[in-house]
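Worksheet: the structure to be examined is printed underneath.
Going by the order they are written in, the chains are A, B, C and D; count residues from 1 in each one.
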Amino acid sequence: MENKYFKSLDELTIDTTREIETTQAGDKGFILESQNEVKSIATASRRDFLKAFGFTIASAAIASSCEQPVRKAIPFLIQPEGLIPGKAAYYASSFFDGIDYCSVLVKVRDGRPIKIEGNTLSSVTRGGTSARVQASVLGLYDNGRHKTPLLKGEETTWDQVDEKIIQKLTSIKDKQGKVVILSSTIISPTTKAAIAAFMDAYPGTDHVQYDVLSASGILKANETSFGKAFVPSYRFDKANLIVAFDADFMGSWLSPIEFTKQYMQNRKLTNGQRAMSRHIHFEGAMSLTGSNADNRVQIKPSQQKLVLANLLHELRKIEGGETSASIPASPVDIVSLASDLLKNKERSLVISGSNDTQEQLLVNAINQLLGNYGSTIETDIHLKLRQATDEKMDALVEQMNAGEVDGLIIYDVNPVYDYNKKDRFIEGLKKVDLTVAMPVFDEETSAFVEFVCPDHHYLEAWNDAEIKTGFYSLAQPAIRPIFKTRAAQESLLRWTGNSADYHQYLMSFWETQIFPKAVNELFFTAFWNTKLHDGVFESGEKEDSGLEFTQDPSNEVLVNLKETDNPSAIEMVFYTNVSVGTGKHANNPWLQELPDPVTKACWDNYIAISPRLAQELNINDEQLVSVNGLPALPVLIQPGQQYKTLSVALGYGREKGGVPANGVGKNMFPLLTTNNGNKTYWIGDVNIEVVEGTYAVARTQSHHSMEGRALVRDTSLEAYLENPESGNEVRKEIKAHLKSLYPKAEFDGFHWGMAIDLNSCTGCNACVVACSAENNVPVVGKEQVINSREMHWIRIDRYYKGDPEDPELVRQPVMCQHCDNAPCENVCPVAATTHSNEGLNQMAYNRCIGTRYCNNNCPYKVRRFNFFDYTGSDSFKGNRYDPAEMTTDLRRLVLNPDVTVRSKGVIEKCSFCVQRIQEKKLEAKTENRMLKDGDVVPACAQSCPADAIVFGNLNDKNSKVSKYFADERNYHLLEEIHTLPSVGYLTKVKNKTI
Amino acid sequence: MYVSPIREPLIRGAKNYSQVTKDILAPMAGTPSKYWYMGITLAGAAALFGAWATFMTVYYGIGTWGLNKTVGWGWGITNFVWWVGIGHAGTFISAILLLFRQKWRTSINRSAEAMTLIAIACAGFFPLIHMGRLLLGFFIFPYPNTRALWVNFNSPLLWDVFAISTYFLVSLIFWYVGLIPDIGTVRDKAKTKIRKAIYGFLSFGWTGSAKHWSRHETVSLILAGLAAPLVLSVHTIVSFDFATSVIPGWHTTIFPPYFVSGAVFSGFAMVLTLLIVARKALNLEEYITINHIESMNKVIIVTGSIVGIAYITEFFMAWYSGVEYEQYAFMNRAFGPYAWAYWIMMTCNVITPQLFWFKKIRTSLVATFIISIFVNIGMWFERFVIVVTSLHRDYLPSSWTMYKPTIVEVGLYVGTIGLFFTLFLIFIRVFPVIAIAEVKSVLKSSGDNKINAHHE
Amino acid sequence: MENKTFTLTKKTIAVFVVMIAIGLIALAFGFLSDINGKRIAANLLLNSYYFLSMGLIGLFFVTVHTIAESGWHTSVQRIGEAMSAFIPVGGILLLILFISGGLHQLYEWTDKDHLDELLLKKAAYLNEPFFYLRFAIFFIVWSALAYYVRRTSIALDKLGDVKYLNKLRMLSAIFIVFYAVSSVVSSWDWLMSIDAHWFSTLYGWYVFISMLASGIALFILILFVLKKMGYMGHVNHEHVHDLGKYLFGFSIFWAYLWFSQYMLIWYANIPEETVYFYERHKYFENIFYVNLVLNFAVPFLLLMARNTKRMFTVLVPVAVIVFVGHWVDLYQLIMPGVVGGENSAIGFLEIGLTIGYLGLFMIVVFWALSKAPLVPKNHPYYKESAEYHTHY
Amino acid sequence: MNNYITAYYSDEEDLLKGLKQIISKGLKVNDVLTPFPVHGLDKVIGLRRSRLTRVAFAGGAIGALVGFLFQAWVFTNAYPINFGGKPFFAVPSFIPVTFEIAVLFAAFAMVFGFLIHNKLGPGSKNIIHDERVTDDRFLIVLDIKGEANDKIKSIETILSDAGAQGITIKE
């Protein structure tokens, strides 16, 4: 007799003898039957249950209901219009946090934003995202958000604060006092209009922009060179030779997502491309970008100007132009670099991350000499992401202290935490009569102001942005405001007496200001609707002033150049990492648990020190030291760190960020200094003092050498061009010996596979957060990371090669390899992990009893075990382990209902985003078509700003992934043990001079 | 049966049958001694510590242990294999020595079998407690269910379930079948009514009939024939837990016989540890003589040497294989962060038992006792070395970690030791520790007075 | 009452000489026909190793029972001693094979100029001088111990002094310890290094058990022949039963090790190991299964019952099958590596040469048997053996 | 009514000698109770070799078949799942469980056979003729049900001639 088992409750009542095709939408059993499975339905038996297991991975409801009762179930009595339960809607929006800009799509399920995806329609970020962008959805559900307006710390109503603020504003206006709006860089034209409207209403108002990561130096240098303070638009995709001085342009400098996209476009060797750019990086600390460079040169931050000057000098010498008086010699050899640069005139790009105006003037002179303006640096398109000059902020603080400021409205900045002279700011604040803050999160500054007027989270708000000249984008709410918050712009307008809501204001601004720029658009409504749908609008307009390089005071700089004061002095660099950034995201557990791309440490900041200096000072890893008398931090010995340079991350040591931000690391902002009006992100001649005790730093990787194993294979461009198999020669040998005692596996429909181009992966970690968001990966907290129990389904292995003082660094994203001969599947006693007929290695969480045998037997160690009840889904009560407060009702709203939340004692791992595969198969089926290559994109591939990850059907020989697999560079990790992984890696190629 | 006069007697003191009965039943009579109470208090306290650790593990999760993403098995499985190994001596003595007609087994097989059963119970505890979801542990049985799910017959852990439970059950019936005539003796010597009733019930109505004896012997022999390969199979399957994997240091073909040998090695060591104390405490020196100890020590030399050869073979093959992962795994064992464990293992398992080549040492109770303890320690470390040092550094250096046990894991281990001694102490009070009938059957041929025995 | 001394008759010698002649003809046929030189070398290795091992198992039988203080074996120990007399002969045959160019035919690692990376790594072990050194050590120690064990055993019988028994124990212990290592290492050297890229830690023990089971079978056959010739009247059913149990037990143990090795390699499916069985599956599939039937299924099923282990009518055919079976086992260990799938066959060369070796072996054994009384009646444990009966 | 007559020896060699004598006199010895298995007793009183071995074999064979076929059925028929690319009919994987079940069945079949055959078991009410049988007495039991008194007398004489002690007539 043929048994057929029901796969979902509906099927019990529906037809169970269905033969071939059912097009009845909404039948859940239907999801299970992919196109290739159709023929097996006729003979379906218990195998169906396995498919149902596959489905339970995609069905949180069924799975969790097995273990515990559903606590609350509220049906839609009146179904909201346009909402199909179980189907996600996507809304275009824009993310900007003072570091990254990103055009995004917000995935909304049942009214909840649960995931951020890159928007491929934006020609700026082109579908790329970053870790912070990915994590921003969790910020929406932050426990530390302001929930109501506050008056002197007490909860109150909007009417009350409005009344009181207007009263105060009016009295200031009456006495012709001064109000200052202190904000971050405003890239929103409409917001600027609202501010302008406010300034109109209160004539004594000033607007000061304050960037935590300042580009003052560039702005001021360009003001000198071009007569206008702007940041130009850089084109890494057009540069064949990139020389960067301490500019972490793939991590934090100006517009990292955009730059990563551009940079990688020019470095891919797939699709028949045979050339790639060369990237030379000068820096003291090991940065994300530096670790990706073809050549990395270690210099102290204080030497940077000298090296640049010598480079300019050398270039001029070769060019035969005027050479100024002799300058101190460069600490590193730049002669060959100069000639290389000259060979790449108009195709090179020299940048510096320094905030020193003089240094930027040198950079300008070099780029001018190389003819880069107009090609790799566009002066007619300005990058608007940094507009603040530090002098203005410093001046404001002095004015406040002098009692010249009567009202201060703080918007989107947290100077009490991140301003280097925060004490002075606080003092000044006390002398201001009206203090208003408009933050999203409860933060340090909120405690010092009279009125807190909480702003929407960006996912709740309308907004717009002009990222670069002519590149507009829109933001729209993906959810109604969760709390009693109000758009900051609306607050400003309200205080001027304008009661329009910001949505209306934005639309009318666009109708009058932006719509006219659109060509071929007749009706505003149509224009608006399409642009809102797309999220972006690119008008093609250009700047019309400040295009010409007119002034070159670089000779003065050269003449005044001095030898570095003290070559033996130890210097210290301050950087922002890819996770918490400037500290704004410190309360985001996903980001706190994100391992640094270089050190693999998380949950803390620490002082990186070179191995040589550590030995000299007799300091061990994790020893506590104090720098310049500040609170002690642990030391982390960092290969590749410049001998006399220390580095430490900013953005830690939050005091009022909530859990988990508070008390994580130490605040290093107070160490920043101001020189010539600009903030300097390094200090010279620091004093290290060893403090009693050690401090454990949580690291997800503790062994840094490949031990001679061919795990990450790499080669040089030269060798690659000669032999495409270079670096991967061993594969031929391995393949020749691949003998199996098993029947060859056949996957008749799909055979899912993934290819990872190691040449593209920068290690930015966007995929790690995307995966956590998509798959409800728990956050385990610092202590468990120290115990090596982090849960990430995808990790980026990082190894050092060569001399520990000057190592090469290679990376490799590793997730479940979905081996067709998976050692893990064999050993599970209860058949909880099995192989699907599409080549997926699947986990049935319900069936798992937690022997961890699969984990032991996985050569890649990609399986993760729920050591505690991290999610609150255990059947025992009171044993939850949630140090990062990820299981509060609020934060749980971010959970993806398509993915089961795992309970204590269960193994979990990468599923190749099986829920996405099933969703797309279903979609194709309802549309009665075959799946196309590229339809299914797992979360990691979707998030990647470098397009390093390709996913698809290996049975389709024309799919992109098949082509990658056929590439000579392709290899499989540990292929020699015949696991037959479905993940391939393409050899990393460095364009290095040997 | 003729026994050459140059052989040493197995039972000292000119005993008659009645004396044998009296001697062996003596420990069960009267109230327990002060030492017995002290022992059971100590053992019970240790077991309570284990109960606390069990609660912690079940309630809070495996996170209370020191395991991590790379080292998925630690002390738990180390203890499991250690206990299973110890549980091999009893059946080995009873079955294999019976098949090889080694008469000296008669004095020690009863207590060794009891020890086996208790050790298997202790061992079986670990695979259970180390499940992430203990309450769903029943999934492991292939029972018919409405979802029509079955288990994975490819999994060595599943084989373990069958092997361990079969072994426990067969050992239990083997032990009990052997015990039935002796329970009859206890019953017939019982003074109180209750005792008589209880032992009468347990004796299954044993009368000592010649027919029963005849069948009893057949059953014992066939059970021995079945138990002998069973003993091999159990530790073989335990070794499959490791050897079927692809982890360097785990995957090696020599594991099955080498584990079996190691198991017998450790089991004999534990039997020696227990019996050297028990023979003194229970006044059984005339039954468990220096000869017995010496015979067991010889088994220790043989199995210890096999284990030693296996160690060296593995090490040599790791080099000879030319496989970098294999080579690293073994270099890491000997010189890596857990090298101390490796050298403890080498010292205790390979070097110390070789001292038994000296007759003086293998006939010295003190030396035997000390060396048996060394072997117990060494064999624990062998499993630790195999489990932990293979896992903590396997294929991808990115995932290499260190493992450190927690107090909860220590509690579980100490707890099973407590349980072991508690049950053993109870055993010596309720059942005869020496197989009375079997000793009587060899008394004539191998007793002290055998020279007087006339035999044509 | 008993015929206690064995006399080697001319008729017996004639039979063996004929067998040897068949062997020589087969060898000559091998050289004259177009049979691959590797195949001849492989056959010589197979038989030399096989019969050398038979000699070693004979010695092992005597020594292991001596140190286990066993009594029953004394009735049959002369057979074991006589088998050990072949050790020097077998060793010399092996040496001749190696030095006459067989080494290069058999082992690819001897081709010093064409070593791949992996073999270069192993060259510290797999090189000719070291190989011959190990050979020399094994050969000398084995032969010497075989000689001394037998001499001491005869002395014990002659003089009946317990002092000789103690000496015999000492010698036995030395042999067991040495053999424990040398049996394993020699199997790596002579057999495993044929497939020089491959390795298995269990290999040495597997080969040892194979030879042990086969050695017991041959032991039974020799006992049977002697009985047929009217000797060994003092050996009763109990002794035969014990030998039968050995044959049964070791056959199961062989199967156990075969399974352990095969299953583990099959299970993990790592190419560096699977290559070995891959070839055997592909080119030697019949042999692969025949091996299991002859060496496990037959003795397991036929010797399970008590009576069959005691009766020559069943035991002898089973012993013949097992003896042939382990020859087949050795064949599938050697041929795939040396000759390869296409050129291997079992023909006149194989069968004839084996008959020749058997003849040579038997003549040596019978010669040795004739040199000492068959019944060691002065052995202190002999009386235990003579009165050996159990009620099981 | 008199049912049995019992007598004992205190040494197994005397027992064997006595028994031979008694049996040669044509008496049928009903049972002999001993504290341990006496070597050679089976032959003297003519006990057949036990056939429990066949029960064990049958149990083992059934166990092996059940074990193997069950696994094969699950993997090829009821639950054919791809585990690491292994064939569904994965014979090497089935061997361990097959073996264990065979041993389990054989052992249990035999032990239960033994108990049932001997009427032994928890709560079994077999007659205990002499409490010292399990200590140091070798007791012989003769059936005298329905025998005449003089016949009983003659039996007693034969017994005492054969060196038996403590001749008792029991109901």
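Quick notes on this structure:
Convention: contacts are C-beta pairs under 8 Å (C-beta built on N, C-alpha and C of every residue); 3 or more make two chains touch, one makes a residue touch a chain.
Owing to the predicted nature of the structure, the values given are computational and were not obtained by experimental measurement.
Chain closest to the overall centre, judged by the mean of its C-alpha atoms against the mean of all protein C-alpha atoms: B. Counted by C-beta pairs in contact, the busier of B-C and C-D is B-C. Chain B and chain C have Cα centroids separated by 35 Å. Computed from the mean C-alpha positions, the centre of chain C lies at a distance of 42 Å from the centre of chain D.
Distance between chain A and chain D, defined via averaged C-alpha coordinates, is recorded as 79 Å. Centres computed as Cα averages put chain A at a distance of 57 Å from chain B.
Along chain D, residues 39, 42, 53, 78-79, 81, 83-86, 93 each make contact with two or more other chains. Annotation for chain A: residues touching 2 or more other chains are 46, 740, 742, 821, 823, 826, 828, 831, 977. The set of chain C residues that touch two or more partner chains comprises 263, 265-270, 272, 391. Interface residues of chain B facing chain A in the complex, by the touch rule stated above, are 59-63, 66-70, 72-73, 127, 130-137, 139-140, 147-152, 154-158, 161, 241, 244-247, 324-325, 328, 391, 393-402.
Touching chain B in their complex are the following residues of chain A: 3, 5, 46, 49, 701-709, 711, 784, 787-790, 795, 797-799, 812, 814, 823, 826-831, 847-853, 855-857, 859-861, 863-869, 874-876, 879, 881, 903-907, 973-974, 977, 979.
Residues 12, 31-39, 41-42, 45, 47, 49-50, 52-53, 56, 60, 70-71, 74-75, 78-79, 81, 83-84, 86, 90, 93-94, 96-97, 99-101, 103-104, 106-108, 110-111, 114-115, 117-129, 131-136, 139 of chain D are the ones touching chain B in the complex. Residues 39-40, 42, 53, 57, 85, 92-93, 95 of chain D are the ones touching chain C in the complex.
Residues 45-47, 50, 740, 742-743, 745, 819-826, 828, 831, 834-837, 980 of chain A are the ones that touch chain D when the two sit in their complex.
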